[in-house]
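Below: a set of structures, written as structure tokens.
What follows is a pair of complexes built around subunit A, which joins subunit B in one and subunit C in the other.
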Partner chain A sequence: MAPSLLHPPSQLSPAAALQLSQQAPAVLQSSPSTVSASPLSALFSASESPELWTKYENLLLSCLRTGDERAAHQCLERLVARFGDDNERVMAFKGLLKEADAANNGQLELVLKEYDQILSDNDTNIPITKRRIALLRSLGRVSDAASSLVRLLDFSPTDAEAWSELAEIYLTQGLYAQAIYALEEVLVLAPNAWNIHARLGEMQYMAATAPGAGTGAGPYRKYLAEALKRFARSIELCDDYLRGYYGLKLVTSKVLKDSAGSAKQNEADEFSLPDPATIERLNELATAKLSEIVRHAAARDPGWRGYDELEVTAARELLNKDASALPEVVR
Partner chain B sequence: MAQVPVQTIHRDPQLFYWILVPITIVMILTGVLRHYATVLMATAPKKLDQKTIREQRSLLHGINVRSNFPVLSKHSFTTRRDVLTTAYESGAYLKDPERRGQAPPNPMSDPSSMEGMMGMMKNQMAMIIPNTLIMSWINAFFSGYVIMKLPFPLTIKFKSMLQAGVATKDMDPRWMSSISWYFLCIFGLQSVFNFLLGNDNAASQMAQQMGQMAPPTGQMFGPGVDPDKQFLAEVENLAVIEHYSVLDGVEQRLLESATV
Partner chain C sequence: MTWISKTITVFGGLLLAHACYSAQEHSALQSLRAATSTLTSSSPTAAALPVDIAIETVVATLVILLGLVLGTRLLRPIQWRVWAGKIEREGEEGFVDNEGEVNKDYVGNPYRILETRPGFVDIRKQRREFAQWVKNGGSGGAGAQ
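Showing the complex of A and B:
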């Protein structure tokens, strides 16, 4: 898929982001430098469209990413000219630019103070709240960021973005149970997000295999069982989902490896692992699918584009490792 | 059967230029003015304070948990249900917990809801005042004679409306006076306004009248709704859920559907 300025650029590869930001002069020149908000001129000039402002926002983000700060400032100027200084979104973008311009941590602290100032005037300014949390996190004050997020989520518990950020923060700190809880909240808000299902499966797998979790214990098997089911669900929602199959293969191999003998005893309200034959078949399915995806992606077949280069490489390595380990006992 | 002779009235062609065209132009200009007056008078939606947001979104959170519970495992769901039920029942999410159990405040005395009514009043005024002015202007200057003949026949009932101020008993109702041209303009200029001002303009009165006939339904957080009652209803909704998970048997479904 060609990068488009109408989609948020957060998921783009560096090359695509660079390509977008190189369009900046053309985009900035082709659209009028100011669109007046006054009704009289709107009657005579071309009408503005929401897409234009989406473009400016995404262009701003891409330009910041590739270091083209002059173009980013131009985008911001146009947004300010249209929406005013006190629009919440524009305030967040202004803060973002200030963060980008800051040369050292001292200046970042100043930006942080400004955010605090804005929030003390208006404590419902969610874009600024989120910027502040992101800044705290990039300053390394992760626990502050987490507690601010918890405060944000207390008064706005329907914010999927904040929940998933909280999940990632908890994950970096190794608090698996909390991270899983937060990610489950994202699923409550977006029940069919297959990437979140797969991510939750990954977290549960990490929780199961984390050092100190122990094997054979109750939570260990519970995490593995749910991880397996989460991966299966993500594939069910999205055919040929590479991360889903990758996770499915990891979990099933893990379960097959250490299921030798250990009988399962589960409470009624937990998920239990399916019987070994099913796991075996799931493992075979995942292996076959992964090799199919890797093969097609390597041949650049039409209809198989769009897989992330790194993810395909990781899948290939997983398959190779599996193949080399076959003669002996699976690692 | 004797053919009714076609009535012909010789009119000054100047009537056309000095009455029909001015009335039309005035109507269009008023519509445009009304649009911008409404835009200028519109107040920005009121900022909610943090506690109100918390109250509303906590309720939404409960609704989300209730409607999307199959994505959760049984353990996670019961944890959430317990937490939400306790909080809802104790009123932890309420904006002002002291007021719990009292009757909701009268929406007329609540300043925040007064603002909404003021907005409605303003819109009404923006419609009534220009209409009254134009009608009296037309009545004062252009009444007492007919200005054109409609190209389609009408029944006698229209006579009193179309020929206001022309007291001629036998005249065909197809002859119309300036005031009826005014009415035609009111109802027929919608497409002109759409062309000039875009689709969601405030110039047309038809749209506003439609809006009044069908008031917005499903006001979840409107004035006069007791959030405590909503929370308690949500507790009941949560309590009756019999949990199942979308993850039950997902491996079997996957194995049946996936083909390599």
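Showing the complex of A and C:
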């Protein structure tokens, strides 16, 4: 099924992006090259729809990704013709094109200076601020990017996308506590986002299993307990959530393996783990659900085709690994 | 299941057409009888519709309704976890309308942009990855974030 041009294309596979950008000539041909903003001409010409501009934006992103600069410039021209040079969103797209066209780091520094110039005129231009942060990160100046992002969040604390970016930046730097804090802020803003719950669980699992964390210590158990709860919450928000069950299985297996070695636990704080019998049952549930999902997805049953193939493969590998290690876990 | 619903709807339509035709014939007969009865001056029988035609009309309407209801798609889930699970499990295929096209307002997981973050897209990295993918023969390396 062809991907729709109405959705942001950044998560698509390269093949899908190529497919989208190959639609560019047809889309550009079929829609009028200029749409006037004046109400008088709107009476006589075909009316514009919001979808058209979404399409142009997504087409622009796909074409840039696949290296079709000509079509990207055409899309940008149309956006500029409609919304003007000083529209903040359009300015961000112009910057994006310049970043893509830049041949070396010197030219990128020029683009960065341009962003700074724009921001010195109007420092509430959030799309350009985000572009500047993304460019800083892309140039490898990650700590600069993080501090700019913190300043942006001081000024606009309800921007869930920015909090999420901050969490990823902290994660790349290995600052687990800060990353988890930032992602919790995202959850405050979007409490029903099941993928963010799963992501937070993944981060807490990473924090627990990071080389420096050490086992048996307080934070280690706390992270594991919280990860367990996050994954359980993501499943509660979304039936048959492959990623949630995968994480649940991972965490419960880890906890069971640990408690097989040392039976001591139960510090009476709010992050204590549930009792081993419950964890055992959770593990069994996750295994059963995962194998059901893998079986259906492998058979391409109708109603089970929405899963990402890579995720299904990973789940199958986890199940196989678990099956081979089963005698030790069960005892 | 669509052919069952279509057959039932067509059958109901035939029944309804038959009932209409019967009613029309009945009224034609009545007016003829009324014209002749003025000559013979017999009792003025009321031109009420016979009850079997009325029943047929009602039954035909119900049958058509049944056929149409059987032919509609399932209603969308109203529970959050069921709806979210449908998105994850079925993807686009779970959200097609009667013409078999994906609904216009279908966006997949609406919280996905919190992980893909289009405002912070690193276009140079994406271009590098795409170039790498093309170099590898356009098959492997689907790891696009």
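Rule of thumb we're sticking to: the second predicted complex is superposed on the first by the 315 of 331 C-alpha atoms of A that agree within 3 Å, B and C clash if a C-alpha of one lies under 4 Å from a C-alpha of the other, contacts with A are read in each partner's own complex, and residues count from 1 in each chain.
The rule is short, and it goes like this: a residue touches a chain if its C-beta (ideal position, glycine included) is under 8 Å from a C-beta of that chain, and two chains touch if they have at least 3 such contacts.
Just so it is clear, the structure is predicted and the values come from calculations on it, not from any experiment.
**Q** Once both complexes are superposed via subunit A, do subunit B and subunit C end up clashing or fitting?
**A** Here the two partners, once superposed via subunit A, fit next to each other without clashing.
**Q** Give me the angle at the C-alpha centre of subunit A between the C-alpha centres of subunit B and subunit C, rounded to the nearest 10 degrees.
**A** One gets 60 degrees for this angle.
**Q** Go through the superposed model and pick first if A:K289 touches only subunit B, second if only subunit C, both, or neither.
**A** first
**Q** In the superposed arrangement, does A:W194 touch subunit B (first), subunit C (second), both or neither?
**A** Only subunit C; A:W194 stays clear of subunit B.
**Q** Output check: A:Y181 vs subunit B and subunit C. Expected answer is one of first, second, both, neither. What do you get?
**A** A:Y181 sits against subunit B, while subunit C stays out of touch.
**Q** Once the structures are superposed on A, label A:E236 by its partner contacts, choosing first (subunit B), second (subunit C), both or neither.
**A** After superposing on A, A:E236 lies in contact with both subunit B and subunit C.
**Q** Which touches a greater number of subunit A residues, subunit B or subunit C?
**A** Result: the larger residue contact count on subunit A belongs to C.
**Q** Look at A:K249 in the shared chain and tell me whether it touches subunit B only, subunit C only, both, or neither; answer first, second, both or neither.
**A** neither
**Q** In the superposed arrangement, does A:R281 touch subunit B (first), subunit C (second), both or neither?
**A** first
**Q** Should A:R132 be classified as contacting the first partner (subunit B), the second (subunit C), both, or neither?
**A** A:R132 sits against neither subunit B nor subunit C.
**Q** For A:P157, decide between first (touching subunit B), second (touching subunit C), both and neither.
**A** A:P157 sits against subunit B, while subunit C stays out of touch.
**Q** After the two structures are laid over each other on chain A, how near do the C-alpha atoms of subunit B and subunit C get, in Å?
**A** 11
**Q** Same subunit A residues contacting subunit B and subunit C, which ones?
**A** Comparing the two interfaces on subunit A, one with subunit B and one with subunit C, the shared residues are 236, 239.
**Q** What does subunit B use to touch subunit A in their complex?
**A** Listed in rising order, the residues of subunit B that touch subunit A are 32, 36, 39-40, 47-51, 53-54, 57-58, 60-61, 64-65, 68-76, 78, 80, 196, 198, 245-247, 250-255, 257-258, 260.
**Q** In their complex, what parts of subunit A are in touch with subunit B?
**A** 39, 43, 47, 122-124, 154-158, 181, 184, 187-189, 191, 197, 226, 228-230, 232-233, 235-236, 239, 269-271, 274, 278, 281-282, 285, 288-289, 292
**Q** Help me check something: in the complex, which residues belonging to subunit A touch subunit C?
**A** The touching residues are 1, 4, 6-8, 10-15, 17-18, 61, 64-67, 92, 96, 99-100, 102, 127, 130-131, 133-134, 137-138, 160-162, 164-165, 186, 190, 192-196, 199, 236-242, 302-307, 310.
**Q** Across the complex, what residues on subunit C touch subunit A?
**A** It comes out as residues 80-82, 84-94, 102, 104, 107-109, 111-127, 129-131, 133-134, 138, 141-145.
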